[in-house]
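Next come two complexes, and both contain subunit A; in the first it sits with subunit B, in the second with subunit C.
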Partner chain A sequence: MGRILIVDDTLFMRTLLKNILFSGGHTIVGEAENGEEAIAKYQELKPDLVTMDVVMPKMNGIDALKNIRAADPNAKVVMCTAVGQEQMVKLAVKSGAKGYIVKPFQAPKVLEEVKNVLGA
Partner chain B sequence: MTDLPVKIEIDGKWANAKLTLGTDEIRVTGPKSFAIPSKSIFDLDAKGSVLGITTKEQENQPIKIASVDKVLSIVKRHILATCNAYRLAAYFMSPAVRGGVLVKDARWEKGGIDVLKTGIWFFSNTEQICVPLADVASIELTKREVQGKNTDVVKIDHIEGTEVVTSFVLCPLTTLQILHNFLKDATKSMDMEGDLDPKSAQVAMLVYSGMDTASIENMLGVSLKEIDRIYDTLIRLGLAEVVMVRREVKLTTKGVRYITDATKV
Partner chain C sequence: MSDMEEYRGLFVTESRENLDTISQALLTLEECEDRETIDEIFRSAHTIKGASASMGYLKLEKICHSMEDVFDLIRNEKLKVSAPLTDLFLACTDQIDDILDIIEDGGDDSGCSIDDLVSSLESWAHGEEGGDATSTGDKTGDDSAEEASAEDVPSQTGPGDTYVVGIDLAPECSMKDVRAMIVLSNLEEIGRIVSTKPSREEIESGKIEAHFEVTVQSEAGVDALRAASSGTEIASVTVTVGNESPRPAPKPRQKVEEAPPKSDHHDRPREIKNIRVDIHLLDQMMNLVEDLVINRGRLKQIAQKNQIKEFDEALNMVGRSVADLQNLMMHIRMIPLDHIFNRLPRVVRDVAQHDHKDVEFIIEGGDTELDRSVMDGLNDPLLHLIRNAVDHGVESPEERKAAGKSEKGLVRLSARRDRDNVVIRIEDDGAGVNYDKVRQKAVSRGLYTAEEAATLTDDQVIEVLFNPGFSTADTITDISGRGVGLDVVRSAIEALKGSIKVESVRGKGTCFELVLPPTMAIVEVMMIRINGKRCAIPISNVVEVAMLKNDGVHRVGNSRVILLRDEVLPLYTLDDMFGTSRSGEVLVVLQYRSKKCGIVADVVEGQQEVVVKPLSALVGSCPGVGGVTIPGDGEVVPVLDVNTIV
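Our next item is the complex of A and B:
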């Protein structure tokens, strides 16, 4: 089970992910509303995994991913984005994302993906 | 001509038979021998190791055959290539997304698509995948990056067991438009008229994600009574169905006595 940082600009999505991950036995060590906050929280909390929304104010998820990976090349980040933004996948994978979730998602598959990434 | 060993259902009983796949017909040789003209087949369904072949002559009583996967795959491929269907050559990727998670080894398969009476079939040399029309949740003409280019594709979301699965179809744009319109029309009964209020939409999203009633209550900070009202709306609109009714109970005097006794040191 992992220590997870959830990054999403909507409270609704953060709460949903928190519930799903908690039900899978994970610990939610923190939440962030944008890319800048995500970088700061990552440095402070050193989570095992980050779920990262792509479209966010101040700094988007891809830039935050690049920053986090630059500081910690072993960082495990699972990108989380809306339907229609799948084109971001390549960019995210190129930037070091370990997994990708498309909204809307179903709890068992999210837990499976997180488990896979944590175990990788 | 290819001869294949199968079992065929005759009068509710399974019997050994041989299928001979011809260009225009499938010949069945067994306790009852007959031919199935390829063009009379207008529907095909697969449940486990049983194939149901629906013909014009036996519209209400599909011919059921059973065999091992390898044989069924050959039969399916043959029927899908020769039956009476709206057929197009296409590339498909199925499944591409499962429950919101990208399928890691998903790749484009070169093959065809048959739209039959009750389902869409994707077929290639190695795959034959059926999506029942009744399980199609949404159809969208959208763009996807294919070999570095933004390409038009049809995106089909369908239900597989409890999972929402996304498949993609790639072919020339005019064909895609025809396919999209055809499928839209065939699944029109699934369209929602109007919109939900924001709270009901949130509840629907949480149900989609697999949250139970207690979690939804906590997450949205709404009462059980309010959740019940929203569930009623979702059910009335055909967006949800009841799968389980939970009960809340209180202990009777006998129950209280049992607990009191059980906790005595």
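Our next item is the complex of A and C:
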């Protein structure tokens, strides 16, 4: 299964996501709290997939996504989003996001999306 | 939601942090409306919302969502921040705080009523939005979306066959447009999209049902197209070979460098370099360290008794580590006063608004550190004193004008380190204590006769203020209560082994000064022996030590008193605690508040810092003893509670 980098500014969401992904047999190779950290961690860890929150301090998820995709055009990034953020997600998809998961997270959906994106 | 139980604590802690950020930012916003602060509130509300939804706290989610909506308008400059709006937001933060309390105690938010707040928020959100049907978020999103998409559209026609891909989205798919866009973007990687049905613009603006079709030109073949189109929430994919001749790309669009919303500002750094530790764990650890100190003392004695030099040396090394550990533990338990200071601007604001006063509130020295246990006990007294300063201290703008002062009152809260103590001052530039009024009140309450009251010095008048239930306020307000307070404040401060002092100049203002020990766990004591037994007295209660001369001791009724420099002090021997002291020749004078007394001791052994442990429930309450300490030699020594002795 995949090596995954989790990006979210809250410990709560990271923990939740970590447990879901872990239960799906994935390896969590790292966590980042903001966009800047995400870019640095991506370079360092070269994960198979990144789950990226949209609203974060320092650098938001869209900018981080753009940066990561600029450095690695094959980067697989799944956006974590909430209902009401469709526009942001669309922007993310145009910037190269490979998928999205909707908060509140439902474990089967999260795992399915991650599997599909990893398999694509 | 039982599987969410394990996240409850984390959820509450983190949401509280965000809530604090919101309340603080709201107050900042009243001063000046800057984008970073607005973004910060938006982000924090958003975070709480997301976490609440995950935990299944729907009402909490709803209220945060409504706040977010209104702040989105503010962020897009469609709505101005005003005082009533800030009030509404603060009311919301209060409500959220309450809900978090309930959740922390194991409940959920289903019993909470949030409808009023939500409908108020909604009326703000809609009232200002006007005819603009779609929210501003949609607009900016659309603009940037179109521009950004230009990058994805290849400008030249590519080789390969043309296929028509029909895709059915799963009914449960929550963002059909986004899902469709992902499919388009995946198809684009292996081919060139000739056209879509509905059109790409319609898909991107959300006008899409469960089914859509893409005409794509690709060399990759049917299977690759099918694979690229399938994915999460895709119910079915059909790929047919199309006959359409290749057409030029739908329409060329100009390419614009688009900065997404809120990217060009620098967020306030919010790096967290700390870990969260349950305070009970720290307390336990502290206890263990203390035990270690005691046992080291015992080991040392054994080493000395048996004259094992090697053992002694090794023990010295251990001793150093233990001392370092103890210091470190002390340091870890210290937290900056900002923790409780940060809530006070809100209090000042609320009280000032309630009283129609204009008050400037200055905080200084919030970085001064205090032990957590002291901090806990300080919150309420401080809150009370601050309310007092605004409510009773600062006058109304009219009175201030009449007195020739600026209409804006000033309340200053400052903290600083003074040698081993922390000094906190609460100053206001209000009317000050009306000494004559206090005297009158004291007489009318029967505390003093009119003659006595007239001779009271100013300091004694201040002392009257600390009488239980004493208030000079003519009207009882629901804010500062009924003057039930200063006596409670004083007891609270004294329980922390601190002291409180008041200075007041009529017409100029009042200043409360709190002197607190940085920690409660370690107390400086004087070690004395009574009847050969050791006991410790907190040094703050010791006034002086003198030789006991028998000719100074007099009997008054059943009790003995001693005349010391023209002062008559009751003399206690503490026989019932330690047995009669045969060689009692030292007089130790103790003081609690203004009361003094003398006790007889054999000898004063010296001063030292000790860790005072409370008496366990097994021993029960033991009048006169405030706790026990175990100095290095392992002996258990009682620490006198001077309050009950006096």
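Definition applied: the second predicted complex is superposed on the first by the 120 of 120 C-alpha atoms of A that agree within 3 Å, B and C clash if a C-alpha of one lies under 4 Å from a C-alpha of the other, contacts with A are read in each partner's own complex, and residues count from 1 in each chain.
Operating definition for what follows: contacts are C-beta pairs under 8 Å (C-beta built on N, C-alpha and C of every residue); 3 or more make two chains touch, one makes a residue touch a chain.
Everything quoted here is computed from the prediction, not taken from an experiment.
Colleague: Do subunit B and subunit C fit side by side on subunit A after the overlay, or clash?
Modeller: After superposition on subunit A, subunit B vs subunit C: clash.
Colleague: A:I20 contacts which: subunit B (first), subunit C (second), both, neither?
Modeller: first
Colleague: When the two structures are overlaid on chain A, which partner does A:A82 contact: first (subunit B), second (subunit C), both, or neither?
Modeller: A:A82: touches subunit C, not subunit B.
Colleague: With both structures fitted on chain A, tell me whether subunit B or subunit C touches more of subunit A's residues.
Modeller: C
Colleague: In the superposed arrangement, does A:S95 touch subunit B (first), subunit C (second), both or neither?
Modeller: second
Colleague: Check the residue A:F105 against both partner chains and state whether it touches subunit B (first), subunit C (second), both, or neither.
Modeller: both
Colleague: So, A:L45: does it touch subunit B (first), subunit C (second), both, or neither?
Modeller: neither
Colleague: Considering only the contact definition stated at the top, list the common interface residues of subunit A for subunit B and subunit C.
Modeller: 12, 15-16, 84, 86-87, 89-90, 99-100, 102-105, 109, 112-113
Colleague: Show me the residue ranges of subunit C that touch subunit A in the complex, using the header's touch definition.
Modeller: Interface residues on the subunit C side: 7, 10-11, 14, 42-43, 46-47, 49-51, 53-54, 56, 65, 137-138, 140-142, 144-145, 148-149, 151-152, 174-175, 177-178, 181-182, 185-186, 204, 206, 227-228, 230-232, 260, 262-263, 267-272.
Colleague: Considering only the defined contacts, which subunit B positions touch subunit A in the complex?
Modeller: It comes out as residues 97-102, 142-145, 150, 162-164, 166, 202, 205-206, 208-211, 215, 219.
Colleague: Mind listing the subunit A positions that touch subunit C in their complex?
Modeller: Interface residues on the subunit A side: 9-13, 15-16, 33, 55-60, 62-63, 81-84, 86-91, 93-100, 102-105, 109, 112-113, 116-117, 120.
Colleague: Subunit B touches which residues of subunit A in the complex?
Modeller: So the residues of subunit A in touch with subunit B come to 12, 15-16, 19-20, 23, 84, 86-87, 89-90, 99-110, 112-113.
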